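The same subunit A turns up in both complexes below, where it pairs with subunit B and then with subunit C.
Now for the complex of A and B:
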């Protein structure tokens, strides 16, 4: 250390007052634990856990909590049992919306994996060493910028006179409706979430032993066989960790379907927002929130039971969602 | 497959990288940066309804007259700085609590509660919860509720970044300082904190940019008098897109991308 001479400078006299108290504290591990973690545990409980728990409370009261009666009518409105029994799927609009949201989340997750595999295989195994850091940085940077801006950027690309349809028109091809459709939601969500898969998958590709690939090639395996038999199985844990994250974040997406999805790309979180923003039915909105959280936690639980290391994806990058 | 490989070999492409893989990588970068490029192009487009693109800096010049946008930008910067300071201090303290100190023993449960749950629960649910919470307290919306929401939202990220540094920290440095006669306070100030500085600065920068770009929490707890920039942009995009929105977006992108580059380079993976 360059400052070794400063280390003991001036601290040789017996400590007194505040300093002494801090030093005694440093010997008490319980006190140290309390002072370091106490404030944040308190803050998080008051300003995170209680607000979220408040939604659970709202979901089981007719109207104002603790003043009005306890009820399950809000959950019954979501899952109308008589409609379930008579198989009147048309009478279950909220269940259908949730199902469609989860369907969109699955499609987005699969597309993200398809996009992530080639680029991470390239970055982790083939990219020149001196470019590697820069190329990875280029993936991370958009991740840390405003997802709202990156999402609305698709409006001039997907709209009826937008860039894609303009290009199609110039080629003499028929235009396709993209903005405010199901595919608008899908494209926007893939764009926003694909780094969640790319980053953990890159980490797996990077740690993949290149000599395994060489050995397989030497033994006569074709490129596709190498990928199928060696690369894919060894990098699957990283891919799945990212995929789980994309799925749960997509299932609760609000901004992207609201800007790009129109009615056919509408998702569950939008109907929750409506209950608070315009319908002023907080109790029903709270019930729908509880259902969404249950779906998210349930998916995580299933993923962990399947042995997917969900924690893998959360460290790298992480911006804004 | 072997035919394709042979063809590639004859074209001289098979040495290290197959052409397909390289093409896919290039296309992915086009996909990642295309929309950002579109924003940039649109921000310099003179014709508001015209079909032809013509260069003009007028939307940037117009920004100076848009008091609403400047005010929101200023507010977002202020919120970002306050959130950055609070979140980083909490993160440094908590990182030591989680990584170094023996008590409490059940660190797994604690880090699930402090980090994993806030990172995985939908932000929209938290935004709504906070909105209901502050309404119940009669505190309404505004600067303080946004700051509180953003601190809770950035804390897990900041803590992960600092904790990674604490885990990697070479303890022999601290032991050497103690052997040379430094007490724990001096060691912490002169050895531990300087060694951790890259991670602390990275955590601070990440906290700032996460808060600066955050939309959903602000959307639910911002009031009429205090509208952060992302909420303002949302309003402009939901209505008829005004051309200034592209110019102010470029300003936002430049700020957050610069910070992201610095923070990512500082951070140890």
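Now for the complex of A and C:
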């Protein structure tokens, strides 16, 4: 734009004294900015950095309170395919369980996006203005009840004689095992995490200029083409913000798989809990935690790199995330 | 086959609000018609019904013999240029302009060729790979135009497309748009609230107020012969003289306080009604009182008055003249500023009867 070139032109012609003064002012405000960050830095250090540091320390110490020695045996145990978690259906190496957890997180994230997109598209673009707040409230209301209680509420819905199977039976359809299965975990997690995708995606949908959709329709785009060409790429930042959150939280999910997943829906955080709570092997538990964090961060980093490459090739730039 | 656009008895309700009220007009093929009116007058709603974004509550929209009232926007041979341009921010200029062709499954080589052609037409050749946010407002405007034109619509609909541009650019674009329309021979339906823009570009103007058509006609007809008070006030500046309208067999006149003068009869006005007469300031000539050369005749009205104020505006001057209880403004081109009358001096104003338009509400 022309205004930016005018601005930069103005800067170069400004007297140097003026410029110097501007710089010191900027330095001062930067300093002020740092000091004002003090409380939050302290807070994060105490409540976040120190526990994580302790976890890392635990993970590399031997499992003997009387010996102080650094070891990587816990990490080796994680990688050892013959070291297994015993489940009723068979034994599972730790690596496989982590892979399954990440798989569940991916499935839940994708399902949440698939569910959230039409809901937010309607909310942000079609719902009458006066209903929008109410509808958004409906999305938020479940948060007023404890996560644990809401998860318990799914047990009678998913159980063998529960609501879903009762309905299937009434329709003369075969019943499906849901509670204490892989899909029990998935359904429970999707239920919990869909709102976390809906909210940022709704914000993106709201800010999407409706005339862009009209213009696309006007130029001959079908409904699916409007979504593919306009709505999806322009709301992707909101979707990604939600998806990253859901993926991180899901990969470390504990309560939902514990209550709804049974053995086939078991996830990695449950094994970590066992090490801390039942096996009293805090060092191995800490190592598993560190591994989980590292793997989640690593997979996000890879996904972001891929996303940026895709974005670049489609002219989206690396913006957003 | 002619493909004139007919808007026939169209009414649109939004809940209890009647946004458009029994509007009918015809746009001849290849002409530039402007829907003009203040905000909330129903002009944009009318345009959106032509485009297919709104469905009329009653009435039909036809193009030639084809009833398009219930067709979807993309089924109609119309295309819309939005006030906000509605360019896709995540696509390049070329992808934006080629969007409609891509949706029509035009092969990519032909698409590229036609995009290049149309970019040439809007004087932005070779900008295919530029990002939208690298362009200035005026350039974005051209791209929006190109994106609509490339699909070769029969009717191009423009919703205040110049509203976001600064004055100078807007003036340039007005001329360019008109030239482009004449060159392409496409029907343009243009919505604006800017009367000057409407006068500059249009073959015909439809003036809307409160959901209804106030008047339609060529720019000259609208400006020179306003029929309602709203039109006279909305288009340009004018003198309004209030009085009692008297129509007799031998002619009509207006009783205006202590003076009365003949006016062109208006069949829509009732004799004895209180109404206004509009006289454009530049139609009122001013003479020094000394140069008395006869009083009013049947077609030439002269009234004596006193110069109240002289407002000098460079090329023109506005001279306020008090006549009895009324004040009249005479506008003239200034050649020598020393020729202007001085306030307080006696003078005589003169106009011809055909320039005094009897207005109805």
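As a working rule, the second predicted complex is superposed on the first by the 232 of 321 C-alpha atoms of A that agree within 3 Å, B and C clash if a C-alpha of one lies under 4 Å from a C-alpha of the other, contacts with A are read in each partner's own complex, and residues count from 1 in each chain.
By definition in this document, contacts are C-beta pairs under 8 Å (C-beta built on N, C-alpha and C of every residue); 3 or more make two chains touch, one makes a residue touch a chain.
None of the values given here were measured: they were computed from a predicted structure.
Colleague: Who does A:250 touch here: subunit B (first), subunit C (second), both, or neither?
Modeller: A:250 contacts neither subunit B nor subunit C.
Colleague: In the superposed arrangement, does A:179 touch subunit B (first), subunit C (second), both or neither?
Modeller: neither
Colleague: On the A-aligned overlay, A:233 touches which partner chain: subunit B = first, subunit C = second, or both, or neither?
Modeller: The second partner, subunit C, only.
Colleague: By residue count, is subunit A touched more by subunit B or by subunit C?
Modeller: Counting residues of subunit A touched by each partner, the higher count goes to B.
Colleague: After superposition on the shared chain, which partner residues are touched by A:208: those of subunit B (first), subunit C (second), both, or neither?
Modeller: neither
Colleague: Look at A:219 in the shared chain and tell me whether it touches subunit B only, subunit C only, both, or neither; answer first, second, both or neither.
Modeller: A:219 sits against subunit C, while subunit B stays out of touch.
Colleague: Do any residues of subunit A touch both subunit B and subunit C, and if so, which are they?
Modeller: Residues 1, 222, 225, 314-316 of subunit A touch both subunit B and subunit C.
Colleague: Using the touch definition from the top, list the residues of subunit A that touch subunit B in their complex.
Modeller: 1, 3-4, 6-8, 11-12, 15, 19, 22-23, 26, 29-30, 32-37, 39-41, 43-44, 47-48, 50-55, 58, 115, 118-119, 121-123, 126-127, 135, 137-150, 152-157, 161, 163, 191, 194-195, 222-225, 245, 248-249, 251-252, 254-255, 259, 269, 272-273, 276, 282, 285-286, 289, 292-293, 296-297, 300, 310-311, 314-316, 318-321
Colleague: Going by the contact rule at the top, pick out the subunit C residues touching subunit A in the complex.
Modeller: These residues of subunit C touch subunit A: 51, 53, 72-74, 78-80, 82-84, 86-92, 95, 99-100, 103-104, 131, 136, 147-148, 151.
Colleague: Quick one: in the complex, what on subunit B touches subunit A?
Modeller: Within the complex, subunit B contacts subunit A at residues 1-2, 5, 16-18, 20-22, 24-25, 28-29, 31-36, 38-39, 42, 51, 90, 93-94, 96-98, 101-104, 110, 113-114, 116, 118-126, 128-133, 136, 148-149, 151-152, 155, 157, 160, 164, 173, 176-177, 180-187, 190-191, 206, 209-210, 213-216, 220, 230, 233-234, 237-238, 241, 249, 252-253, 256-257, 259-261, 263-265, 269.
Colleague: Show which residues of subunit A lie in contact with subunit C when the two form their complex.
Modeller: Residue list for subunit A touching subunit C: 1-2, 209, 211-212, 214-222, 225, 229-230, 233-234, 314-316.
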